[in-house]
Every structure is written in C-alpha cells, then in structure tokens.
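Take a look at the structures below.
Both complexes below contain subunit A, partnered by subunit B and then by subunit C.
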Partner chain A sequence: MPSLPNLTADLGAVWLTFRLATVTTVLLLLIGTPIAWWLARTRSWWKGPVGAVVALPIVLPPTVIGFYLLLLMGPDGAVGRFTAWAGIGLLPFTFWGLVVASVFYSMPFVVQPIQNAFEAIGERPLEAAATLRAAPLDAFFSVALPLAKPGFLTATILGFAHTVGEFGVVLMIGGNIPDKTRVVSVQIYDHVEALEYAQAHWLAGGMVVFSFLVLLALYTLTGRKAR
Partner chain B sequence: MSIAAQFKLAWPGFSLDVDLDLPGRGVTVLFGQSGCGKTTLLRCIAGLERGAGRLAVNGETWQDAGVFLPTHRRRLGYVFQDARLFAHLDVARNLDYARRRAASGNSRGDAAIVELLGLGPLLERLPERLSGGEQQRVAIARALLSAPRLLLLDEPLAALDHARKQEILPYLERLRDELDIPVIYVSHAADEVARLADHLVVMDGGRAVAQGPLAETLARIDLPIRLGEDAGAVFAAVVAERDAEWHLARVEFDGGELWVRDSGVAVGRQVRVRILARDVSLANSRHDDVSIMNLLPATVLAHAAEDHPSAILVQLRVGGTKLLARLTRRSAQRLDLAPGREVWVQIKAVALIG
Partner chain C sequence: MRRLFIPLLFAACTAHADEVQVAVAANFTAPAKLLAAAFAKESGHKAQLSFGGTGKFYAQIRNGAPFDVLLAADDTTPARLEAEGAAVAGSRYTYAVGRLALWSAQPGYVDDRGAVLARGGFKHLAIANPKLAPYGAAAIEALTALKLLDAVQARFVRGENIAQAHQFVASGNAELGFVALSQVMQDGRLAAGSAWIVPARLHQAIRQDAVLLAKGRGKPAAEAWLNYLKGNAAQAIIKSFGYEI
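On to the complex of A and B.
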C-alpha cells in the first residue's frame, strides 16, 4: 500500500484531473455547439478549412500542440502578451493554461458528434418549426437541441474522457506542479520514473476501469437510442 | 379578399414564373405532374424559398421589393408531405408547440380542432408510434392550432396508401366546408382535385397554364396537359329524391337530373358529381332500349385530340353544365359531331363525391 503522503498526492492528482475535465467539457459544450451548428449548416467556402482546424488534434502528436500553445501563451506569444496586458498573467504552468490547452486538444471529440447530430436532423424539422411561428433561436432551443441529445451525450462523454487521458499537452504546457498541473497521467509517469510500481498500478488500473466504464456507458446509451 | 402571388425563380434546369390571383377563400388546388413547380411555388408562398416577386394575402403584404417576411412571421399553416412531427414530443406536445406560438386564439376552439381530426385517443403517443395517416392528421391539426390566415398543404396524401387516403379525405372535406380561411393544396391526383378543389390552377414546366373555378377549368379541352383516364367533369347538384326500392337517389343539377347510387346523403343536401369522359357515350337519337339510366340532351361545343390518335375528347353543354366525352375518332366522324350538333349523352357511371 502507498504511504500516506503519496496517497494525498495521488488523490490531489485525481481531484485536479476531475476538475480539469469538468471545466474543459463545460467550456467545450458552450464553444463547440455554435461551431458544430455552423459547420453542419453552412455552405460557405470556410467550412473545409474550419473543419480541418477543429480536427487537427486527432492527427497531430500532443507534443506539437503543446509546443505551439506554449509559444503562443508564453511571454513573447500573441496570447501571452494579451493575457499579461489584461492583468491575468501568463497561462503556461497554471490550471487555466491547462484548461485552454485541453479545450483545443479535445475540441474535435466534442464538435464532431454534435455536428453529426445536427446534420442528421437536417432542415426539415426546422422548417416545420418556422411554419409554426418559431423564430430561429426558438427553433434551435425547442427543436434542434432536444433532437440532437444523443450527439450531446456522446460529445460530453468523449470530451470528458479524452481530457482525462491527456498527457503530452499537459507536460508541455503545465509541467508537473503538484495540485496545480499534476494530473493523473503525469502522476503515473512520476511513479514509474521513481520505480513506485505499486502506486502506479493503483492509478493506472483506476484509469483502465474508468475508461472501460465510460465507453460501456457510451455504447449502452447510444445503442439504446439506435434501437 | 384575394391572394396575389407573383414569383420568378431560376435554378439550373428549372424555372418558376407565375403570376396568380387566387380567391381569398375556399380551396385552391395547384395541380400538375411531379417537377412542374407546384411545391416550389407553395414554398415561395411560405417564405421557405426566396424567389423574386411579390405576395399579398388578403391585404397583408408578405413579400415585395425590399420586403421579405421570414416564414416564422407569416401567419400561415403548412402541412408537409412527410408530416414532420417533432420526434421528441408526443402528440399533445406537438399540438401545444403550435398553440403556444399562435399569434392569437383560434376562431374555432382548440378542442374542436382536436375533435375534428379525431385525435383524442392519440394525444399521449409519440410520432414514431403513429401510422402515416395518423401522423398526417396530427400535422393538419398542428397547422390549424397555430391560428393561420392561410393554410398550405403539400400533397398531404401522396405518401399514404389507398386505405389511409380514404381515411383522411373525409377530414379534409370537413375542413373545406368548415374553415373560413383560404387553403392552397398541392396535388398531382385528379381524384383529390375533384373532391376538394373550389378553384384550380394547372401547372406545367414552372408556369400556370390554366386557372379558374373547378367546374369550368376541368371541362376545358384546350389544357396543355392531358388528364387521360382522369379527364371528366365535376359540378354541383342537389339530392332531390331517394328511392328505397332500388337504392337509388335522384340529383338535380343545372341542366337536368341524374339517377345515382344512393350513398345515404339526405334529400336537399348539396353534393359534388363527377362524370369521367370515358363513361360518357353519345347518340344521335334517344335510345330507351339500353341499360343506361342517365340519358340527357346535349349540344356539341368543341372537340380536341387525345394522346392516342384513335381517341377524341368532345366538350358538350347540358343546360348550364359542361360535360366531356371520350370517343373514338371513327365514331365521332360517323355521328358527324360538328360543333352545334344536338345529341343525346348516355352516362354509364356517375360518382357522388364530397
């Protein structure tokens, strides 16, 4: 069994990871929904480029994303200058730096399921709503959102789980500061580096169980919808 | 009281160019083959497509140069071919959706609309648990509950089989008789036209090629589209007598009387009579030694070619009513059916509709 100080460190990492994933998922649902709506309905030339940028994290190594975000948010980066000027300070090696990075990193896993759901709904129910005197915003909330519920469920689960599982980006942006940026995946890495395999097992096994449960929930819930 | 609609629209391979003045009450049917532009015209009227032009509905401008009311600000009801009920709401909530957004209350009560379309037993069900006919009835009620000033129906029966059609048609007939708002109904089925229309617009290739009151327009023989087996006359008549022994009814119309199968309609009630051109034959003198019951004197007005070179369509006047007869060209020549000729029409079948 791990000794007490280590257990506290582990629990701190778990709690930090949970907070990071929750904040990121909420932000992503707020930011990602309008992007998904636009991508699902636009006929603009920009659809291709924007869709590709959103999907980039799927193919790029996390270290690449982390590297560029680090430069961008650092003292000489555009975002860094802005945050310094606005009195927020610099984001790298802070919790909010991790949040910003995670929002980019997990974006496709939230935007794409919602976009697919909106595309599947199509114009037809919205036209019907318009003929029933529902203004566009009203139709969005009263028809499009409820009909896209399975997509939102998938997006929430995937966005949360993907943020919990990130490692490379965190290491580049956040480093390894206990209770500030040391999430579970980094903590496992530390344990292994220190040859504390028993402690690593607790956390790693926990991650396996967590990931399995998340995917099980996803497949059961969406499978039920598809019946 | 009228609907003035003028639209121009050009897409690759299709153009719409219409200028219509439709009556501000009663049922106007936009009739034509698939691809003639009737649904596109209906969508322009609803503001779902944006064509150049202008639209005024009973004095209210919905579209003009620099004016385009979005669909949700037009007081209309729209029944789509595919019902389009909201899948996440049960029937009662689908109806509530319309009711809550209605600009004002309905002249007829909400409960009366639910009653009129027989929806009482369906209120708790989700759309996926309804038959096609039931979905369409809910869609019609939902459109009416939004308190429209114009009701648009886009082939509401096209996706239904024959039995479901027969289930909905009586509801539509009740609507026609009880609604006090204009209805524009898109259809490619001649039997729906005959049963429901007061006014007919015939469309072909994105243009309105004929329009007018139903009886007049259907009796025209110069229409650029051929109705084929569906060619025939429709006119109003009144039930004058019911014969219990033979189960027949006598109906009177402007031009004489007809014996028809007694369908239970009370004496004094107005009915629609449809006589298909293929069920009418002509004779130069009156023959009483035939099985045909309905013999009427008529005058030949004109004739026109049919699709097949052997056939000819003859337009006749019986009193104040126009009839059509389809004959072979050989018979027409043998009887010497020039315009103005007095003949006897022998009517093999008369249908009471609506």
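On to the complex of A and C.
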C-alpha cells in the first residue's frame, strides 16, 4: 500500500470541498428556484436571454470564467469595487469568493432540472388549485413544489457534484490556500505536478468512486420515479 | 492565380518542414518567443513552443509527449530524464540562471531593498507553489534567510507556476509577489510597477537546464535549436530579460 504522509492536508481539502459544495448547493436552490419558476412560466421576450446566461457555464471553458471573475472581483473590477466599498474586501483567494464563483458555475445544473420539472407540471394543477381559492404562493408551495420533487432531487445532486468537480475556476481565483481555497481537485493537481502519484491516486480514485456513486444514486432514484 | 498560389504554398511548407517541438518553462516564455523568431530567420527551421510547469512537462514526456527539447525551470528534472533514459546523455547544459524579484504592479510599492516585506500592510503575497516551482522554492529560501517566513506565510497565495503568481500580482489581486525577474524585465529594464531584485546570496542559484529529449535525437532542427541557444545572439537576448548565464 502507498504511504499517506500528507493525510491531514488531504482530509482538509476533502472537508473544504464538502463545505463549499454544500453552501453552494443551498444557495443555488434558494436563488435557482425562483429563476427556474420564472423561466418555466414566463412568455416574456427576456426568457431567451436569461436562459442563455444561465446556460453559459456549460459551454464556456473554466479558464474564461476564472479569468473574467479574477478581473471582475479584483481591485479594478466592478464587483471588486463594490465589495471593497461595502467593506467585505476583495473576493479572490477567499472561501466566499469560491462560493460566488461556484454559484455561477453550477447554476445551469440546478436551474435546468427544476425548470424542466415545473414545465412538466403544466397549467392544469395550478388552475385547479386556483379554482379551490388557493393563493398563488400557497399553490406554489402545496402543489408545484411537491410535484417538482424529482427535479429538485436531480438539481441538488447535480449542483453538489458539479461543484465538487470544479477545477479550472478555483485554480484561477483560489490561490491554493490550505483550508480556504485548496479543494480536492487542486490538491490532486498538486500531487500530480509534484510527482506524488501514490497520494494523487488516493484522492483521484476516491473522486471516481464518489462520482460514480452519485450518478448511480441519481439514475436509480429518478429512474424509479419515472416508471 | 490559384495555379500559382498552391505550388507557392507547398514551397513555403517544405522550406519550414524541419520543426523542433520545445517544452518551455513558464518563466522563460517571453525570451523563448523572441528566440524562436530569431532562430527561424537565421536557420529556416521552426521552433514550436509549448509553455508550462516543468513538473507537468516531466509527466507528459515520460508518457510519450512529442517534445524534442526541454527548457526546464530547474536542473534536477533534465538530470532525472537523462537518468531515466528519456533524454540524450551528455546533451544537458545550463541555458540561463534565473533571478528572483519581489514585484508589485503599483509603482513605488516595493522599495529597492524589499523593506516592504518586514513593514507589512499587504493582504496577499503571491508566490509560485514552492512544491512545484523552483522560483517558489527560492522565494521560501529567501524569506527564511531574512527571518520573515513566519510573519508573511499566512498571507501567501500560491500560483500553480510562476506565470500564475505573476498574473495574481499583475491583476492587482495580490499587492505584491515573488516572480521571475524575466517576467517583469524587458530590454534590461523594469517594464512596469516596482520591484526589488532579490540578492542571489539569499537563495540557491536557480539553474535552468536544457536537454535534448529522446524524441529529438538525430533531428537536425533540434540540434540547431540547442546550438543556436548557446550562440552570442541568443545569449544577449536571454540576458536582456535579467537572466545570468
């Protein structure tokens, strides 16, 4: 068996990645649900542009996202000027900077499944709720949300897993700080670059197993629901 | 028109048919581009440059990457490749000795003695990952020699290589950082911002070795490129970026 001299650093990276993915997923469910609801129901001209912006991270290389976030959140960028003015300081090289980046980067993986689920419900259950004098908000919480549950499940799992798998963006704005921005994917990269292949295998193999189990759970759960 | 154009195109291709694939350490990016242009003019050969961290190049070369020559950021990687039979024995030589600089994109921020390090007042100090990059390791040695390592360590942000450390400082996200002098020097002068050239006695010499790789054995363009680098014209270019030879 390969030895594990750097176990604390590796575990620190695992724990940090878990925290980042959890915070990101919770925020994304809060932000993404209204966006998905609006996208599913609107007839506005803005549906196209907003949907396209949400989907951008799917097609953009992480280097593009990381590069622009670094400039935007830097001292001369619009976001950086705002955070400095608001007394938060600058976001690059901080945990919350990674959270902001991840929320943007994983957005489509949360919004799109929820949007699809809302669209699949259609008008009729909500119209029925309205004839029973349910207020729109009440109808949303007691009719739309329960019916869209499979979509939320998919969104949660994909949002979490996609954040765990993030690398390029974190590399560009993270600064590789232990317990703050050194996530598992960056730690693996470091091991490989430093020719510590044995240690790289532990983490990299773990990622493969984790990703497989997540997707297996996803397909088993949603597959059963569909039938 | 087309009848004339196509044979011309072919002629152009065959004249440049001899190519050398060069893996170039990130800190040597700017001089390598100039050298490749001058080399093409002088020899007619074309040097195809790839830039990156030396550790990554090592892994790629060991796994069959099509590089003919490696211009490394250190002297241990070429020696290791030679010992493992991935490089041609006896082809190693030092093409440049790197100098470390403490640099800020803001004019006047770094004084010419590096006193800003002890004074503090900055949030982020960028360095290349010392585990991966010789310039990062040299920065740690210098800080240790200055007895400042403990004071500034918590403010490190680490670039995966020296190019990223430079980018963190250039974008203003880190107030200052340790970079390769070659990244901030042009035509023998500081191109922008303010810098302290770290005295060479504060760290081990950053000897950057070149080596002919197994794939480049017997390739005229690869040998021509290595010979060109040893010539006076090439050495003048290398020195103008702050390297010693």
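In the analysis below, the second predicted complex is superposed on the first by the 222 of 227 C-alpha atoms of A that agree within 3 Å, B and C clash if a C-alpha of one lies under 4 Å from a C-alpha of the other, contacts with A are read in each partner's own complex, and residues count from 1 in each chain.
We take it that a contact is a pair of C-beta atoms (placed from the backbone, for glycine too) under 8 Å apart; a residue touches a chain by one contact, two chains touch by 3 or more.
Quick caveat, the model's predicted, so the values are computed rather than measured.
When both complexes are superposed on subunit A, subunit B and subunit C end up sitting side by side without clashing. Look at A:L56: by the touch rule set out above, it reaches neither subunit B nor subunit C.
Once chain A of one complex is fitted onto chain A of the other, the partner contacts of A:I177 are limited to subunit C, with no touch recorded for subunit B.
Shared-chain residue A:A135: touches subunit B; no touch with subunit C. After superposing the two complexes on chain A, the angle subtended at the C-alpha centre of subunit A by the centres of subunit B and subunit C comes to 150 degrees, rounded to the nearest 10.
In the superposition on chain A, A:L29 makes contact with neither subunit B nor subunit C. Of the two partner chains placed around the shared chain by superposition, neither subunit B nor subunit C is touched by A:A204. Using the contact criterion defined above for the overlaid structures, shared-chain residue A:L70 touches subunit C, although it does not reach subunit B.
Shared-chain residue A:Y189: touches subunit C; no touch with subunit B.
Once the two complexes are overlaid on the shared chain, A:V214 sits clear of subunit B and of subunit C alike. Following the chain A superposition, subunit B and subunit C show a smallest Cα-Cα distance of 51 angstrom. Comparing the two complexes, no residue of subunit A contacts subunit B in one case and subunit C in the other.
In the complex of the two chains, the subunit B residues touching subunit A come out as 46-48, 70-73, 75-78, 80, 82, 84-88, 97-98, 101-103, 142-143, 146. On the side of subunit C, the complex with subunit A involves touching residues 53, 55-56, 58-59, 123-124, 126, 129, 131-132, 156-160, 164, 167-168, 171-174. In the complex of the two chains, the subunit A residues touching subunit B come out as 124-125, 127-136, 138-139, 142-143, 146-147, 149. In the complex of the two chains, the subunit A residues touching subunit C come out as 70-71, 73-76, 89-90, 92-93, 171-172, 175-177, 189-190, 192-195.
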